[in-house]
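To keep things clear, I will list the structure first and then write my remarks on it.
To keep things simple, chains are lettered A, B, C, D, E and F as they appear, and every chain counts its residues starting from 1.
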Amino acid sequence: MLIENLKHTLSKGVARLAGVVGAAMLLLVMSGAAHAEVPGESQFVFNTFSFLVHGFLVMWMAAGFSMLEAGLVRTKNTAMQCLKNVALFSIASIMYYLIGYNLMYSGVDGGFMGSFSLWGQDDSAAAAGKFVGDGAVGYSAASDFFFQLVFVATAASIVSGTVAERVKLWAFLAFTVVLTGIIYPIQGSWQWGGGWLSEMGFADFAGSTLVHSVGGWAALTGAIIIGARKGKYGADGTVKPMPGANLPLATLGTFILWLGWFGFNGGSQLAMGSAADAIAISNIYINTNIAAAGGVLAAIVLTQLIYKKVDLTMALNGALAGLVSITAGPDTPSLGLSAIIGAVGGVLVVVFVPLLDKLKIDDVVGAIPVHLVAGIWGTMAVPLSNADASFYTQAVGVVSIGIFVIVTSAILWFVLKMVMGGVRVSPEEEEQGLDMAECGLEAYPEFRGSQTI
Amino acid sequence: MLIENLKHTLSKGVARLAGVVGAAMLLLVMSGAAHAEVPGESQFVFNTFSFLVHGFLVMWMAAGFSMLEAGLVRTKNTAMQCLKNVALFSIASIMYYLIGYNLMYSGVDGGFMGSFSLWGQDDSAAAAGKFVGDGAVGYSAASDFFFQLVFVATAASIVSGTVAERVKLWAFLAFTVVLTGIIYPIQGSWQWGGGWLSEMGFADFAGSTLVHSVGGWAALTGAIIIGARKGKYGADGTVKPMPGANLPLATLGTFILWLGWFGFNGGSQLAMGSAADAIAISNIYINTNIAAAGGVLAAIVLTQLIYKKVDLTMALNGALAGLVSITAGPDTPSLGLSAIIGAVGGVLVVVFVPLLDKLKIDDVVGAIPVHLVAGIWGTMAVPLSNADASFYTQAVGVVSIGIFVIVTSAILWFVLKMVMGGVRVSPEEEEQGLDMAECGLEAYPEFRGSQTI
Amino acid sequence: MLIENLKHTLSKGVARLAGVVGAAMLLLVMSGAAHAEVPGESQFVFNTFSFLVHGFLVMWMAAGFSMLEAGLVRTKNTAMQCLKNVALFSIASIMYYLIGYNLMYSGVDGGFMGSFSLWGQDDSAAAAGKFVGDGAVGYSAASDFFFQLVFVATAASIVSGTVAERVKLWAFLAFTVVLTGIIYPIQGSWQWGGGWLSEMGFADFAGSTLVHSVGGWAALTGAIIIGARKGKYGADGTVKPMPGANLPLATLGTFILWLGWFGFNGGSQLAMGSAADAIAISNIYINTNIAAAGGVLAAIVLTQLIYKKVDLTMALNGALAGLVSITAGPDTPSLGLSAIIGAVGGVLVVVFVPLLDKLKIDDVVGAIPVHLVAGIWGTMAVPLSNADASFYTQAVGVVSIGIFVIVTSAILWFVLKMVMGGVRVSPEEEEQGLDMAECGLEAYPEFRGSQTI
Amino acid sequence: MKLIMAVIKPFKLEEVREALTPLGVEGMTVSEVKGFGRQKGQAEIYRGAEYMVNFLPKVKLEIAVKDDLVASIVETIQKTAQTGKIGDGKVFVYSLEQAVRIRTGESGADAL
Amino acid sequence: MKLIMAVIKPFKLEEVREALTPLGVEGMTVSEVKGFGRQKGQAEIYRGAEYMVNFLPKVKLEIAVKDDLVASIVETIQKTAQTGKIGDGKVFVYSLEQAVRIRTGESGADAL
Amino acid sequence: MKLIMAVIKPFKLEEVREALTPLGVEGMTVSEVKGFGRQKGQAEIYRGAEYMVNFLPKVKLEIAVKDDLVASIVETIQKTAQTGKIGDGKVFVYSLEQAVRIRTGESGADAL
């Protein structure tokens, strides 16, 4: 039974081969004993429950991104940032149903995309009494849909943070429609849908590349095409900081994301109906946690050394960078290696945030260092602990997905520019703040804040 | 075993008949196969775990209401709003133990109320080795108590938002004592306790009517009896907006509620010990999610069309209205229909918020459109996808519970008025803010805010 | 099977004997029936899942402490408070792996500490097909590690609140390293590691003493050694209140902690693979909840009586005191007794907060009344409902751990004073606020706040 | 030209502004201030310690006007902002030597 | 000595401050105010009700200076703070009788 | 009548207020301002970019008083608010032409 279950997991996601290896090795050790004690229907319930619990944790990350971004923008753009995050989650929920899921998972067969069709639940195997093993799915269709859906929203949230404070609401929402309905699912099909990348042996357990760097590339493309905020970079190369207005909110957002990440990585085991799976998920939890811790401590120590002060926003980004870094392979490394992988992520953030400013790429919340740079690092670090992954294949995945996302999202931004008469608000509206300009209300109407003093 | 379990679920809650139908149909399909693989004690653990996990999600909604309301009142009433929410949850926890639970569930038998007695756990069937099936309960008594308890608090939270910024603290708390100890349990017994409404075939899976519209009716009655905030409506019919002081907090509250709703609706399946239940819960999750998404998008598009700007507070209310709308029947509709049901909820909010202002009914946080109007809509929408529900019976439920709650809460407010010398603070205290007047402290003592500029 | 499981639980933690008694009694009743229906591997999965779910709830408490403390300090120290909380959780994550876990659990054998070694997961029993019973562990090693780890951070968070607004960042972090790596694990080994206290029959189910009062003692020692905030106490005995800057945030923090506590106490059952365990956990949930409710209501009523106003911050502390009070024995009391135990906690807070001020012990967030005083009360209250606990043994535990923590943390603070040239920022830096002084940024840069008006 | 500076209760602001418009007041500058005077602050409690908040929220108006308008404006403010309860505030007048409108560079009474 | 009080658009503050430094302005006091003038506020919508926000955020500068600097400072402020759009603000000047530096007790022009 | 305007360090406010009471000061109006002067702001870092915060938080007092009290009040403020460190602030005095108490309509020195 356990073997069947594992087979199933393997067949569903050759894509996640790397991730399963840990469990598989454990299984080999176990296979001598009479251990197959979890009945099939129990396994089905366990697997489904895992998707639901881990799925709601990932759903909760939407709140995390909202709070992080609402805390890191200036007051005058805060309501807009909240609005964008609520809206994008809603759009993702609907687009993934209309197009995304089947484009990502249905009939990919080693190719470049699935099919264009509405998703609908098929629980016929379970209804026929086949819960796990041959011909069975192993979990309820809707629980899997739920879990995959909440991942999509993550990618869109990343973009929203980078292009904050200047992008037009409706341009951003239109971008989100295509990102969550088409761009994300197509590249996702290459790996998790069982497409060409997964056949090559690419390893990306929970999405350092498939989710985070995708969001990061789209954000980078957007930041370049849309341009920096007015006044951010002086002609003489000076950088004008525009401090986030509410750091406790940003801290809350980071903790929410940290919590949600247990769902993100843990749930990506895709099963929980056996001791082997339970062990694997547990290991993923602690690796995920220590990677975040490593990211925080690296960022703290480094900012202390460089600036003689500790930058809270860097510590928060450090946590997230640690989490992104471990996401490609949270199942195979030891605790110690996980801490180091996360710490490197934290270092990358401290280095890349000012570097982007040098390049005049204006990333309001630091999403590019966190999700793109650490996402690449995390993907390339998989072979350190996973013998089935190779640096070459990892690089192929990173580059091919990078090119795909850059090209498609660049085209998309340009089309939107033409269709909507620009994707950026007017300089006056930017000065005034998007809250007044596009929402007609203020996030904190009673707290007078001035952006200038 | 599975059949027994289902029987049990049915017998416990003929009340929730409608909700079980989906699972029942699935079961019929399944019944040919040898699927009864989940051992009885495992089912017991699964069912209990489902109550606990979904219960803590619903408990978390208390934080959601607090943040939503704290964000939508003005600074000078914010600490009070927090206090009320912490206190009402505490009161509900105690009243439901002292009176509520048994009044709702013990010995209703098709009648109009249960019995007046302290609740106490009875796990004797399980102790005798009967975990599911005949004579068994199927879950631990305390897990069920916990799950039901957290629902009660929701109803009280709804009232607190509507009558904010003017109701006296102790009058509100006294109202809460009776609402959670007596009013809510009595009407709850009619349906979930197996009373007369459930015998009629009323369908309200997770409480669009039993929880949300109950809160909504009590809120409406309170708003009318207590009257509008000073200065809210000009003699000439002008409406003076009193913008909420902290919209990111309101956004956070909405996300918390959205998350909690997976527990609210998912847990209302009342079981999780079989593949059929797991499938049902999964479907409930995705329907719940897409209804919220539909509500958000409807509200965004509509406010853009009407006001040429997008009102974040309407988008947030739209999410909640979508959630309330699907709550009466999250188990039977398709994903597409769920999205539409939610979207209608979002439209209702955008229409009813200004309408209430026209009627000079001052609902500070929009709880009446969200919980009452969308609650009625959701209840009436059940027959669209559930063949066992009829519009007539749904209307009977809506109306009878509406009348009951209006009458009892009106009496209660009047009694409180007499006993406490008014349920409303003095005009000076209202001007000054309830925080200073009744708490003697300020929510944000360092951020000077003026309500006038 | 169930019996074996119970035996295991017993053997792992004679330490938690008291906690198991409830389940054990239930079990005796059950033992006649043929109930052992949960297969071993299912039990393993259930137990592991319980550790993970309850563990992530406890992890979430880190966010709760951050928000509570960020809301109760003044604006100028808010970013620092966030930073300290993120950092201490990270430090705990790493120190517990490097030293703590094995110092607490490995080879204590009735003694005074475990061994100094890195933790590493050992799932060999499960790999050999032994899931529960003789020779088995019953859950995945990493899930247990995760659950224990998140407890450690709690103790450190407590200290951070008390010594806020004046302690140097790096001094505090250094203190945290030793607290989480050495002090906490050593005293933890006495009881949960199976050391001398557990052999005496001390009962502390989830850590009123082992976690909360440990944090409280360390906080008290710190508050005394570091001294009060500048200007807090006048020469003439007047107390200058320094109101917390953001009470909705403090409210949110309290709700987060309340939610997390279901994990804290519920997960401490350490198993969930049988009906008896599921029943025990459910009882723990409702007792925990009603204790918090009791604490809130006691604090509200008492502040109303004493001050004629209701102090929100006391209500919040009341909730937490209720939770701490029930933590030593959430499994044995009835619901009613639990409410009373919690209410006494709430009373203690209202009494001890001003008392500490009289003693010029400056506890910024009220952590000493909440965690230390209520922690002692909770520990001493165990024998009220648990026949296996005695007042004498409870007192021995409270006193011995108190002395140990006071002595070690006093030494530690003094060593840090010498090594770091003081553990306290300069008066100018304190005046200016730690955010500017040590972080070089502001928590709310746009909301001008003055501490003086 | 004179500058009239008035300190009033916050909730009177809108009323005062409306009362001044018909007199020809076309501009004013408003700030949030805290006032200390005969009206004593209120007791707050925080965590068991009672304390006085000595400073109460007020709103300060600054209005530059031509000399001939001063009397009527001062009177109107005094009348409109009055509640008769302690803490109603004050009106002060002092002399302005110069006024310039930034947009146009106009100066003197034209700039007001 | 004169006191120059200017009300300007917030985002002009930094520019004005930089323009004044070469003139010998060594100090100033800045506050956030709300202005009401020819420039009308903006419509906000809140929950379906539209309303006017009549007061717009401005920044007020107070600069005490020796008499001989007044003209150049007023002119510089007027030029630098100008955008040409309505709402640019005003500069007012009035007479100061005394000035004291708290740190040293110096008084008169030396205190500035 | 004169108006005394003082800009001081925020934490000195309470002390100054207490020192003035015995002199017969019965009211004052306080606002939060930012000051720029010899005392330079502090470097802040935000996400890897260092920048100067040029304006430091100060508190501004406005006290209207009868002429004969001016000297003692100015002196007391100067003495009490002094820390001897840079940034202690300034005291300015100018002439008031009129003062009205809104509650009663009293004017002149009686209104103070």
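What to note about this one:
Keep in mind that, in the parts below, a contact is a pair of C-beta atoms (placed from the backbone, for glycine too) under 8 Å apart; a residue touches a chain by one contact, two chains touch by 3 or more.
As the structure is a computational prediction, the values presented were derived from the model and not from experiment.
The chains that touch chain B as well as chain F are A, C, D, E. Here C-D and A-E were compared by C-beta pairs in contact; the pair with more is C-D. Shared numbers divided by all numbers used gives the overlap of an interface; between chain A and chain B this overlap falls below half, so the copies present different residues. One inter-chain figure worth recording: chain C and chain F are separated by 47 Å, centre to centre, where each centre is the mean of the chain's CA atoms. In whole angstrom, the spacing between the mean C-alpha positions of chain B and chain E is 53. Chain A and chain C have centres, each the mean of its CA atoms, that are 32 Å apart.
Touching of two or more other chains is recorded for residues 30-32, 34, 44-46, 55, 94-95 of chain D. For chain B, residues touching at least two other chains, in rising order: 39, 42, 49, 53, 243-244, 246, 252, 307, 309, 311, 313, 440-442, 444, 447-448, 450-451, 453.
The full set of touching chain pairs reads A-B, A-C, A-E, A-F, B-C, B-D, B-E, C-D, C-F, D-E, D-F, E-F. Looking at the complex, you find that chain F touches chain C at residues 10-11, 13-14, 30, 32, 34, 42-46, 57, 59. Taken together, the chain B residues at the contact with chain A in this complex read 26, 29-30, 32-39, 42, 46, 49-50, 53, 57, 74-75, 243-248, 251-252, 254-256, 258-259, 262, 266, 272-275, 277-279, 281-283, 285-286, 289-290, 292-294, 296-297, 300, 304, 307, 309-313, 315-316, 319, 334-336, 339, 444, 447-451, 453. The touching residues of chain A, when paired with chain E in their complex, are 431, 436, 440-442, 448, 450-453.
Of all residues in chain E, those touching chain F in their complex are 3, 17, 26-31, 62, 64, 94-103, 105, 111-112. The touching residues of chain B, when paired with chain C in their complex, are 39-42, 44-45, 48-49, 51-53, 55-56, 59-60, 62-63, 66-67, 70-71, 78-80, 82-83, 85-87, 89-91, 93-94, 97, 118-121, 123, 126-131, 139-143, 145-146, 149, 169-170, 246, 249, 252, 438-448.
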